[in-house]
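The letters A, B and C name the chains in turn, as written, and every chain counts its residues from 1.
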């Protein structure tokens, strides 16, 4: 119970922090200098890249938590993996929506088989597969899905390598712009947004795992009642 | 360790004996692979000539599709009469059982690959024979990686309801790097000026993929098979 | 794992304490406790869907309990591992035979998995016991249910398991085979095996069993000692 109170308080604090950071983000992004070649459209990167970073983080959390669940049989780790997998899909979607929005302005097409875009699409598919298995696999699918999550995590470097080598052999016509990291005026807002996304992610993870923990608790109570 | 390979051998031999009696999987899988190639020929042949560079893709997609088709029945056989539980109850390391099933799938896919490669070479005028050893090496490496992931997923889906739909959904995203490497490596060999260095690079990546995913599959088979 | 070390593990009792197993909210077993001892022939009765198969699967280490423990001797299954499986014989309702293989091949395959030095010799002896010596090289798919049942029983007992779990072993057997099976079961008891047998066929097991357990909606009760025919005692237990 104490643990639950604590997590509730943590969730509240994180939510407030996230809210403040996201409220301030547009101001910071607006006052950041324009990128010389792309102008306004480059600013989408302040949301695009953090979305992407969080997705990767979520994929790794899901993979490691799944390994713990599979080999140590810890339902808590499974709940963490499920929450991380769902959030990986959500944040991946942010990347997948903002990527083409940028591409239509910068490249003139909605989709380019750009390495990072392709890679996140593949990861998005993998995490969707994880959720589909959990949804339609029936009883015991948590263990099976855990296997998939481990494979998805191990797959990240291979997807990265294969997609990168593939694209460098056939370079895209327009050059992928470098991230705003080199210019200090852009770096500050970028870090701000990245931290905002991480805070949001942590808050959502806390809420989602708490929901699953309570659901598990209800199931336990239900079974205990029936067993009486 | 010798026991590991003895058990794997027994399981594989059992599967091959069953296959030799029914020819069910070899015949259906081959027929499907050939149909695949034919369907592609309508998509990729323009004015009587195959589209340039299509051959490698056709070869690998036909292999991947027919491989998926073959994986289901491999474990349906074990599901019939609950035989898989009989296997799991045997006093042997379960990873050895996995390895035996895996070897069976690799052999079956090899048979399919030989036929599909010959067909693609003939129908799409692909110079696969010019670097036959490299093509064979790429196909074998891709085969091993695909079969390792596929055998594990097919085994764990045996107990689930919508297994026939879930298998490709799970299998393709995970094996995509192997497919990219296979297609790219093969098309590097089929270019007007074959690029051996590139093929070697892709083969090396396939080798790493195989090593990582075969190890992972051996390692996770035991826990995912416990109800 | 060589065969010698796999057969080194042994036990003379199986203790189930407070075991529950549920699938989602569907409860297959709840709070089951029982002890099985060497030399005992224990019957397991119960209506369809009462959890008999789950209990057998659980004792066979194929299903993990949601709650509670199962001990073989004083060892949990996780500690005994592969060696424990060498001491378990499980005949499920689905028989676990490969229909495309011959009777002999089925036995030799499982004998091989058990690491016998002479799987062919053991298979031949088992075929003799099953009364299938003349059909040994026919594929199992041509067999009647009774023949398959006899073959699967021999496969289950091929490695002299300590714990013998039988799910409906009398299914499809004619009278002579049924009597042979009953005699076989009594031999197993004398050999200090632990036998748990789920069945609906009360005539066949009348007078054969040392104890009778009844599963009903996942709960286990024991029938009173022999004071009336089995069927009557069972009816009385269900009516309660």
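The criterion applied here is as follows: contacts are C-beta pairs under 8 Å (C-beta built on N, C-alpha and C of every residue); 3 or more make two chains touch, one makes a residue touch a chain.
Model, not experiment: these values are computed from the prediction.
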By mean Cα position, the chain sitting nearest the middle: B
From chain B, the most remote chain by mean C-alpha position: C
Chain A and chain C, separation of their C-alpha mean positions in angstrom: 49
For chain B paired with chain C, centre-to-centre distance based on mean C-alpha positions, whole Å: 38
Euclidean distance of C-alpha centroids - chain A vs chain B, Å: 31
Multi-partner residues of chain A (at least 2 other chains): 140
Where chain B touches two or more other chains, by residue: 226-227
Residues of chain C defined as touching chain B within the complex: 1-2, 6, 57, 60-64, 82-86, 88, 90, 92-101, 105, 109-110, 112-115, 139, 159
Contact set on chain A toward chain B in their complex: 70-71, 122-123, 125-126, 129, 132-133, 136-138, 140-141, 143-144, 146-148, 150-152, 154-155, 158-159, 161-163, 165-166, 169
Footprint of chain C on chain A - complex, ascending: 139-140, 219, 222-223, 226-227
For the chain B and chain C complex, residues of the former touching the latter: 3, 6-7, 10, 14, 17-18, 21-22, 77, 80-83, 85-93, 226-227
Residue numbers on chain C that touch chain A, as the complex places them: 20, 22-25, 27, 30-31
